[in-house]
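By letter and in written order, the chains are A, B, C, D, E, F, G and H; residue numbering begins at 1 in each of them.
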Amino acid sequence: MSTEPRLIQGNEACAEGAIYAGMRFYAGYPITPSTEIAEILARRLPQVGGKFLQMEDEIASMAAIIGGSLTGAKVMTATSGPGFSLKQENIGYACMAEIPCVIANVQRLGPSTGVATAPAQGDVMQARWGTHGDHPIIALTPSSVREAFELTVRAFNLAEQFRVPVILLMDEVVGHMREKVTLPQPGEFPVVNRVKPTCSRENYYPYKADGDKTPPMACFGEGYRYHVTGLFHDESGFATEKPEIIDWQLKRLHEKINQHLDEIITYTSEETEDADLVVIAYGGTARAVSRAVKLARQEGRKVGIFRPQTIWPFPEAAIGELAASGKKLLVAEMNYGQLLLEVQRVAAGRSEVHSCLQSNGELTQPDVILTKIREVYEHAPGN
Amino acid sequence: MSTEPRLIQGNEACAEGAIYAGMRFYAGYPITPSTEIAEILARRLPQVGGKFLQMEDEIASMAAIIGGSLTGAKVMTATSGPGFSLKQENIGYACMAEIPCVIANVQRLGPSTGVATAPAQGDVMQARWGTHGDHPIIALTPSSVREAFELTVRAFNLAEQFRVPVILLMDEVVGHMREKVTLPQPGEFPVVNRVKPTCSRENYYPYKADGDKTPPMACFGEGYRYHVTGLFHDESGFATEKPEIIDWQLKRLHEKINQHLDEIITYTSEETEDADLVVIAYGGTARAVSRAVKLARQEGRKVGIFRPQTIWPFPEAAIGELAASGKKLLVAEMNYGQLLLEVQRVAAGRSEVHSCLQSNGELTQPDVILTKIREVYEHAPGN
Amino acid sequence: MTGSESVTELSSVPKLPQTKVVVNQAWCKKCGICIAFCNKTVLAFGEGNRVEVAQPEKCVSCGICENFCPDYAITLEVEEA
Amino acid sequence: MTGSESVTELSSVPKLPQTKVVVNQAWCKKCGICIAFCNKTVLAFGEGNRVEVAQPEKCVSCGICENFCPDYAITLEVEEA
Amino acid sequence: MPGTWEVRLSGSGGQGLILAGIILAEAAIIDGQNVVQTQSYGPAARGGASKAEVIISPEEIDYPKVERPDVFLGLNQESVLKYMTGCKENGLAIVDSGLVNHVPPSKARVYSLPITETARKQVGRELVANVVALGALSALSNMVSKESVTTALLRRVPKGTEDMNRKALELGFGLAEQALSAVVGEN
Amino acid sequence: MPGTWEVRLSGSGGQGLILAGIILAEAAIIDGQNVVQTQSYGPAARGGASKAEVIISPEEIDYPKVERPDVFLGLNQESVLKYMTGCKENGLAIVDSGLVNHVPPSKARVYSLPITETARKQVGRELVANVVALGALSALSNMVSKESVTTALLRRVPKGTEDMNRKALELGFGLAEQALSAVVGEN
Amino acid sequence: MLPEIEQYFRLEKLPHMWCPGCGNGIILHSLVKAIDKLCLDQDRTTMVSGIGCAARASGYLDFDTLHTTHGRALAFATGVKFAKPELNVFVLTGDGDCTAIGGNHFIHAARRNINLTTIVFNNNIYGMTGGQYSPMTPNSCRATTSPYGNLERPFNLTELAIAAGATFVARTTTYHTKQLTDLIIEGHKNKGFSLIEVITHCPTSFGRQNKMGTPADMLKWQRDHGISAMRYENLNPEERADKFIIGVLHKTEAPEYTTEYQKLLEKLG
Amino acid sequence: MLPEIEQYFRLEKLPHMWCPGCGNGIILHSLVKAIDKLCLDQDRTTMVSGIGCAARASGYLDFDTLHTTHGRALAFATGVKFAKPELNVFVLTGDGDCTAIGGNHFIHAARRNINLTTIVFNNNIYGMTGGQYSPMTPNSCRATTSPYGNLERPFNLTELAIAAGATFVARTTTYHTKQLTDLIIEGHKNKGFSLIEVITHCPTSFGRQNKMGTPADMLKWQRDHGISAMRYENLNPEERADKFIIGVLHKTEAPEYTTEYQKLLEKLG
């Protein structure tokens, strides 16, 4: 891979990041604004001995990557809102059966068909709650083309490490934008591979885990001959209706994530130390916020930006800390207030929570955010 | 209809409530524990001149009822978790195109196939956020067979009044339980019908609304010849990408609900007045909580129960008031903490929020709740 | 048969309504289908790829252009007498 | 041909392995398929609808019962000599 | 008859316990009581141990599941082992003497009655064992009146089977009477 | 050349503006600058008014969209009307003299150049109007070097078309030179 | 302006959003001619479409029009027709909409023999999303997701419809406009599920990638490759290779679903 | 114990959860006999199933087994097979699973001619959910959702498979156990998509509602109604009415999808 900087689109960075992470099996169904991921992989995967599969719909795509993952491949699909809705049932299956996979959702404006080409961040809560029943989920959200690459690699690492579906929650802004990026060389970035069982077939319990709660995963075709189901199951993988086992399974599913929040949750924060007001933003919106924060600082306002890269699990501790310190919080997102709900919850009355929401198909402009910053700031403590 | 009390199953009450409300078009795909609704309607609807349609899957069922609704019929489908996940895309369509319809989701234990016959309340957040993009939603949740009937009628009334999909969020406990119920006579219960345009075709703008924000709805086949789409559209119903119109549309969709919260939100509260601790519970769980609260009162603990019948929009004002009064709150639900998140958010640190969660396929026992009540109560202010 | 007196005066024969090819430039997308399918080379691309009725006199009113235009932008209109 | 000396001593003919019909009661669900399909009325319902090998001597080892049992609960087992 | 009755009927999937539970509940409605009836679903309902529960009370019934049965019926061994625990002191437990060999220690009065045998031998159809049991337990407990349970039964059974069912019910009543002088175990 | 450049290229769907934007961005990368390139999508991209935007800067670029263009290109009337607003004072605006009749009042220096005509008449292919425009605007603005834009162009165009494209680009450079002595409007 | 355009189109929506030369406009023209000849009541006729270029058709036509979700047009239409059988319901759907994501609804609508007139705009590609291969893209063809040539086999859609139970099945092209009108008329008269597959040209997404020339060239390709069953019969296998039959391919009678349901209502009522 | 049961079953899971007399157990018996005769490597053979009574089959068999979501078995299986073509992949699916919610994946797997051996357990009903009619329930039959008799027409599944592109298509019944084994063997040998439809008896959900008698009676019904193509030929239309053909119905050759993809990889690699 070239060490030269290149002009790369966000969707392309995602595709290249996936290949870098070792993804060799893609199945999908085209949908704007994610289609370039499929188109690039249709060309690139066969070049690296990988498999590209266009399925008849999104449900089938999700099913096919789960099937592929069980053979040992690192797998991925990409979609946008309508397709993401359709994938939900099988995403739940992947949660339940603990199948590593990555689902890129390049968000567009919804609900429904909405505007296929317009940016939005309306699927944040859906990423968490879209499938029925309780399940933990990991979702990452990049703000730049470079980060689209990096977080794609991370998405695979987390998926493989914890045997979970990981949502790469992009938005149209980041997906379609092109930036100058130097792609990392092989080895530059850590790549995690799933842990396979080392025991014999007789001793293999596909859902029996050690302290870290994630069981080693055997590949189909390697002699372990085990059973995989979306029904509640015991350690052996077979269906059960015993309350105590269900309890134990469901707890483990949650704990395998909750025990590793420090590893999973990443974010950036700039100029938050001395800030009176911290703007919380992610994805494309964070780019506008960066600008607005710079302008606000130029005006002498102590404003910082907190940018979750991991959006689920929600960076509760970090944001709780901000709230505890009494800093005002301003959530800027391209929706009707989704992450806002979590921020409000975590703030628990300890600090003011404001919002700058936009959901009209256009990337929020720095001006709009700046105006809101000024408005909120005027009443900041110490001003 | 007989005025004799009868032994009626929750699912049957739902089916009968639907017929009472004027529902004459059902489309569905069988799934435990909702199947009885379909089975009863397959027999009953033809008797009252209605249409029963078994579609090839849940997606098609949801599509078919939207089509049916556009011809003027009151329509419904019923399902459970896996099917509810599949319906999400078209539920979003109904939100966007403002098509009145009722979706009964008789919750079972998830995620994934989970346990088909086990009770759970794991789809509370999904009911709110299951489809992509921002959209308001109404969801009602009954606690008894009688209430299954009543809230089904209400669900149709709200759907028709506000041109929205309404989720009837039942759970297996209520769906499968049989109770003594006297079904109301025709006229006993209000039945709301949708408002149709009275203007001429030339003056009809299908998405132009008065102050109440819900536009009158013409039936297909009555000469209005209008367009319906899941794309963002202007008042005329035709697609637009203009930010200002999108903004206006999306706001109206939210406002038509938000302006009528008082009408939409209902709940019951018992013994909350003097309570130090209020347990918040709904559906089957509320039955166990009722018992536990009685037992706690017998022990001299001042405990009350708050039971939302409308779960979405969230009864924010009422619960906010409880929190503001400093009463401890205890949320009991059969999931990993879903409504809990909203209660925490709304409490905003003003009162302690505790939880009693169970998600193992069994209805929570009063004992378990009582134990939790005691634990929380011991540290209640004034004790 | 040259110059025979028995020939009917042409002007006395009732005429078929005269038609005229009209291009609605507001709808025309310049796809060239009408030009390609007109057997009589009536139509041609003009300045800025505008479709022009270059040789109206050759038109035989066959309607092919009207039939194939995907944009309903070319029509045969009956001329007022 | 009665009493002919040339008849082979039966006991000297190598015997086909003797089979025995065995019902695994733990797996049997009492569906009655084996009973209905046994042409030789070897099998019958007994007490509490247990499948019993009522007339083992009639069994011709045809294997039909084994073949149709949906629960693999009835088998022809080769008898130890 | 007054007071709250928690009733648990258990047996294997095909034994018609759910129908028995429904009839019992409907009898209680005829008696003017409140009722809630629930049951276990699932693949288990096809065999093994399944149960139907009925709560009868003059009061509003909150919790719909039986916590500690006042009346327990066990029509097969597996269900007795699985569901008989928790019977109230002085509760009533009826098991099928032909199908249940082992009865766990219980605080209830336990009656082991030849329910299935009675159905088979005296009605000629094992199928009605549930109705025999219904007769026995309603007569033994007195939680619903004989008239009501008879009416409720006849409303529910298929046309043409009324006589057979009525006979089965009455045989159940009879078993109860006999039993009142033959308590098997009380501990 | 130093400093931040906000560039907006607009025209109808088929005019190749996105490719022009990409080439411009790649030229800037060759020059060692940071770049972000965005574009408008949607049905509009098939006709009407579409746009591609490029921001070039030695600094990190935060907001990726052009707020106030330093350089504007308008290749048809509709896009000029829709997208030319907001040009910076002393900015640069280039419109196609053959296709744009009306130029709204602007604070930018406006050049009306025969871009499409040059492509058609001097290269023989209207298709390369985007490359002619690219030549003109890079030469007029100086935001990227002529070498870089030439290199970037030749990397992107299909094999066999290099000469034609190079010619188009140079004709664009030429238009710029001529223009520097023929400013149409400055207000 | 053409009278049938004036009568049946929403004129304020024209020119439509389709690319220059796109065949979709031609199909709509034939459709409104058919509707005109059928003398359908404009107020009691509904157009249902899914998502895609083709599916945008509904928005241009002056009827009750329902632009649904991708692939689901037939399921929505089933709801409309079943709820109100007296409506004439047409379904306008792309090859992807109908045969990829919508394949299941297609075979089930055919199986139920519900009285819907379905027109499949088969441009052999996903046009709207920019040219990915569809289940109707011929083997070896280029598409943005088959940069090395399509490895999949396309459906024979008419065969599929027949096997699934459709009672009227026909195929034609955008070149054969008159035949298209006739087939729509005949299809609509069939009391049951009718499929009319129209091979249409997509110069932008399919033509360009497969070097099919101008829109006119693509129309000529259709003229030269779509032939009647009779002509097809007389060709040898080699000649047949790149030809396809146009015209009515299947016609039969079977109980229509909404009619059967109506009978049940009458029986019970 | 039968050696093929001992070898290929997860004995600790027996007896299975199917009702007394259910035909599903018979199908599995024939299946393991076929696998035995095919000498398949048990470690490189995968069973994929959806949701339903039939779909529970995978749990009883001692291979890598994948019990998926309702209707999606073929889509999961496509992923398994495409990712690792050297695995033998069998799909065990019910009539509802395969033809109702799963119909689309079925026609697409057939179209791609991907090398999957698909066994459809056709009991003409949704068994697991208690007896609603399925797309394979004959017209007029009773089901819990067709209390007045089924108004819909069933699919002819084998015709559908052929039209969609399957290269091996066969039908038999649970009565014809030997033939079933042979068909599975032949189907598995086919390098492409193979369908074996097995008419199986569901005494609980279908039989009871339609007064079909005991499980044995249902088996006898199959014996009397499933006949060879040759015998079928010799019947007059009336005699044919309630008969169906069993045996191989279609066999052809076509490029197999994973093989084609492998060729592409080799070309590029």
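The rule is simple: contacts are C-beta pairs under 8 Å (C-beta built on N, C-alpha and C of every residue); 3 or more make two chains touch, one makes a residue touch a chain.
Worth saying up front: this structure is predicted, and the values here are computed from it rather than measured.
Trainee: Between chain G and chain H, which partner chains are common?
Mentor: Looking at chain H and chain G together, the chains touching each of them are A, B.
Trainee: Not counting chain E, which chains belong to the same connected group?
Mentor: Take away chain E: still one piece.
Trainee: Comparing the two chain pairs, does B-G have more C-beta contacts than B-H, or is it the other way round?
Mentor: When B-G is set beside B-H, the one with more contacts is B-G.
Trainee: What's the chain with its C-alpha centre farthest out from chain E?
Mentor: The chain farthest from chain E, judged by C-alpha centres, is C.
Trainee: Roughly how many whole angstrom separate the Cα centroids of chain A and chain F?
Mentor: Chain centroid spacing, chain A to chain F, equals 36 Å.
Trainee: Could you put a whole-Å number on the gap between the CA centroids of chain C and chain D?
Mentor: That gives a centre separation of 93 Å.
Trainee: Centre to centre, by mean C-alpha position, how many angstrom separate chain D and chain H?
Mentor: Those two chain centres are 31 Å apart.
Trainee: Taking the mean of the C-alpha atoms as each chain's centre, how many Å separate chain D from chain E?
Mentor: Distance between chain centres: 42 Å.
Trainee: On chain E, where are the residues touching two or more other chains?
Mentor: Residue numbers touching two or more other chains: 42, 47.
Trainee: Which residues belonging to chain A are in contact with no fewer than two other chains?
Mentor: Residues 32, 46, 56-57, 59, 82, 89, 93, 112-113, 115, 117-118, 229-231, 241 of chain A each touch two or more of the other chains.
Trainee: Spell out, as numbers or ranges, the residues of chain C touching 2 or more other chains.
Mentor: 29
Trainee: Okay, in this complex, where on chain A does chain H touch?
Mentor: Chain A residues touching chain H: 25, 27, 46-47, 49, 51, 53, 55-57, 59-61, 63-73, 75, 89-90, 93, 220-231, 238-239.
Trainee: Flag every residue of chain H that touches chain D in the complex, lowest number first.
Mentor: 1-2, 5, 9, 14-16, 18-26, 29, 177, 203, 214-217, 219-220
Trainee: Flag every residue of chain B that touches chain H in the complex, lowest number first.
Mentor: So the residues of chain B touching chain H come out as 29-32, 35, 38-39, 42-43, 46, 52, 54, 56-58, 82, 112-113.
Trainee: Report the residues of chain H in contact with chain G in the complex, numbered from low to high.
Mentor: 101-104, 107-108, 111-113, 135, 148, 151-156, 159-160, 162-165, 254-255, 257, 260-261, 264, 267-268
Trainee: Give the list of chain H residues in touch with chain A in this complex.
Mentor: Chain H residues touching chain A: 10, 13, 42-44, 46, 48, 51, 58-59, 62-69, 72, 75-84, 86-87, 104-105, 108, 261, 264-265, 268-269.
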